[in-house]
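Which chain is which? They are A, B and C, in the order written, and residues in each are numbered from 1.
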Amino acid sequence: MISRVWAWAFLGSLIIFFVISVQITTDGRVNFLTIRNSQNILVAITPVLLLGLGQTLVIIGAGIDLSVGWVMSLASVLSALALRAAFNSGLPLFLSVVIGFLAAVVGAGFVGFLNGVIIAKLKVPAFIVTLGSSFIVRGVALLLSENTTVIGLPRGVRNYGNDALIYWIQGEGGGLYFLKRPDVTGDLLRRMNIILPYPVVLTAIVVGIIVFVLRKTQFGRHTYAIGGNLEAALRTGIPVDRHLISLYVLSSVTAGIAGFLSTLRFTAGSAVIGDALLLSSIAAVIIGGVSLFGGAGTVMGTVIGSLIIAVLTTGLVMLNVQAFWQFIVVGTVVILAVLIDQSRDLIIGRMNTG
Amino acid sequence: MEPMLSIKNMVKRFGGLVAVNDVSLDVYPGEVVALLGDNGAGKSTLIKCVSGVYHADEGEVYFEGQLVRFSRPIEARRHGIETIYQDLALANNLDVGSNIFLGREVKKRYLGGLIRTLDNDFMLQQSQMALDSLGIHFPDLTQPIESLSGGQRQAVAIARAVYWDAKLMIMDEPTNNLGVPEQRKVLDTIRTLRERGVPIILISHTLPDIFAVSDRLIVMHRGRKVTEKKISETNTQEIVQYMVGALDDTREQ
Amino acid sequence: MRKTIFLLLIVLLIVPLTSIVVTSQDDTLVIGFLPGVVDPFYQVMQLGVEAAAADMGVEVVTQIPETWGVQVQTPILDAMIARGDIDYLVIAPTDKDQMIGPLQAAVDAGIRIITVDTFLGDGDYTNGPVTFPISYIGSDNVEGGRISARGLAEAIGGSGKVYINSTNPNVSSVEGRAVGFNEVMDNEYPDIEVVALDFNLDDLNTATTQTAAQLEVHPDLAGIFGTNVFSAQGAGTAVINAGLGGEVQVVAYDATQFAIEQLREGTVSLVLAQKPFDMGYMAVQFAVADAAGVTSLPRRVETGFAIIDIDNVDDPEVARFIYQVP
């Protein structure tokens, strides 16, 4: 498996660069590497990472899913509508949130199922199917959303999207709190670290599940086999069509979870929330070393790819550099990532034939 | 003795072209039958009609005495007919064990089968045994097989067929594109299989290879079977004459 | 099987298309309405346009781009020109420079232009670089920025650090808001420092990440100005995320129902309402007047603001400016 040593090194040097440069530009007043900022970065990667996770599965299987960003938007709208309807019909808040989650996952999964069936059974290229469905999904999301933003969600929803496992107030009068936001104001509030917000926890669980599936199960093995040599997969009797459909369903479902989380975070459904995220998610996957030809790549690679993007966004804002620079750096890293992988493959290739 | 595989009067047409024309042949347990002929002689088409890739227009195939008709390659494999193509059926990004067990992975069960993980240790150990039994040795079975040589990959494919109890093996040009030492290894493996009683249909251009390992040979020319001889009763020159169409047993002399 | 599914797909696609039939009478005035993007602000404006059209007996053709941007708005504009039946166009240009060319083409095709909400060039259609539109009807965004600045300054007690989160550069509306905001802070509040201005490119996630990062650099940040609903929503979410709801004051431009919801929850401290209904209504009035031969129409009309906070949000006099879309 292709190692990602250089990507870790790049991420490390990026962090070191920001630690030093943020110190310099703020006259030593601000530290880039604080608990709070690490949490900011983790929160910032969740949407890109969730989209990237599904994309990783699909690309390892030698496919592509261009619809993820818009599926996320649709899921955000669906979950908000379902959550609101459930709550207004008298269900308790927690149950309403669960119903919102199911609406997002089932709605998104349905789109993935259609993508998968058309790709696997009707043999239409994935690029075209998911491009087409991204437009359809976008239209449906806007139509359903009542003016792009679904509002009127119960107030407590905000807590699900923004509360955390651990709260830690450093220094005098502080302390450690679990699961419950301490009721403090002023200076204490400013010193409070919010550690592991629920969206981060849920995303981490999804990462864990997908790592397990890819590395330990037959499903994962077959995903690599299909991406590595479709012919071989067919000849050895792997149910390729069914497997491809599952991959597209999973891709949409992770996008659906991203949509659900954004509904919780912003206390509103948004029909445009995922629009800007497709290319970032593919960039994260490529930086992470997933080959667009299929058959190679890991989830941890995608995690690093997403981290690099999020560290860049946060760091550049802290340096007061326009966020546009982020695009330039990310673009450069994407191309470098592929160049490095190719040259390493070349070297390995020479070693084998030599 | 009853033949393992029996092809009777097979015909396959592609439009106006008759690719296989009324061919019959038998393969008995423990023998290596070579199938040879020029490019376009129809040997690959014949084999693909047996392995389920193509469907014959006329004629029958009997396997272990029963009439069979495979609509897909996987059905032929389930009956124990394994076709070994160079590179075609291996996933180069996976390791040896994964390839030998591809599509038939062994799993460990947890929580009453709710969670099933791959039993990689078991598969690795079994793979090692399968390779050992063929006298094949690799330094490291956990590397993706793209790091192996062509001959080694061929060996993996053969080991897979052996492990899953192939009853008949069809090898399509197994020594093509291999270096001389590698070719020799593949031929050794074929001899090992023969000793174990697995019948083999060997498609090849390389006459010395055929004479080295086969019991019988069948020559095809323009879709027809022009001769069938025991290795001990013929020689290279005669076979070449059959291959170019200068000799033909079906023609009135 | 494959064929059947394909056939079904084609039928599904064609049936809704055939139900769209374009009709137009010859003698009534036809007004095209092309706002910037689908959002509550422009939807309320559309209500104004439609109300005026009903009152004055003219026909309205509305096309709403689903995303903000020249590249989306221009093709729709070209299509409206190509219809050939449109006499007046009420448009919110998505870029004050780039939309000049496409709108000049509309003028060349005989269409008269009224810009609403956003303008072309510098907005001065008498002496400025662009003079072909009849009028600009909108809020004085610079003034809106000034009002927002005073509101925020009051909310944070006249001193501290503030930050601006905006959408895109070179859009006359949000640019003017930032200009007015900075001007007031510079001139009237010496103890308030504007520490940064970020562009979120209309992406909610980006707005949140940027604000979170600014809160890191300036842990003592006192207030944030979101130059539109998205920006304020993203900024407010970052504040909530940091547990600083109520501690860091957020001013939101535009009184969408969502902004009001955030105001009631305490995410946002002040909401500045524009008057999009008036803009739409007036634009149609101007078109009808121009068609009737009136030549003394003002080249620039400012529709004013309402400031909404938690104390007056339930006052019906103020609440009627909340953007209510049926």
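Assume a residue touches a chain if its C-beta (ideal position, glycine included) is under 8 Å from a C-beta of that chain, and two chains touch if they have at least 3 such contacts.
These figures come from a predicted structure and were not determined experimentally.
With centres computed from CA atoms alone, A is the chain lying nearest the middle of all the protein shown.
Chains A-C form the pair joined by the most contacting C-beta pairs. Centre-to-centre spacing of subunit B and subunit C amounts to 71 Å, using the average Cα coordinate of each chain. Between subunit A and subunit B, the centres computed from C-alpha atoms are 46 Å apart. One inter-chain figure worth recording: subunit A and subunit C are separated by 31 Å, centre to centre, where each centre is the mean of the chain's CA atoms. Taken in their complex, subunit C has these residues touching subunit A: 2, 5-6, 38-40, 43, 66-67, 196, 198-206, 208-210, 212-214, 216-217, 219-220, 233-234, 237, 240-244, 246-247, 256-258, 261, 265, 325.
Residue ranges on subunit A touching subunit C, taken from their complex, read 22, 26, 30, 32, 34, 36-37, 40, 43-44, 47, 121-122, 138, 142, 146-149, 151-152, 155, 158, 162, 167, 181, 185-186, 189-190, 192, 194, 197, 262, 265-268, 270, 272-273, 275-277, 310, 313-315, 317-318, 320, 322-324.
Residues of subunit B that touch subunit A in their complex: 73-74, 77-78, 88-94, 98-99, 102-105, 107, 116-118, 144, 147, 149.
On subunit A, the positions that touch subunit B within their shared complex are 1, 216-218, 221-222, 224-225, 227-229, 231-238, 295-296, 348, 352.
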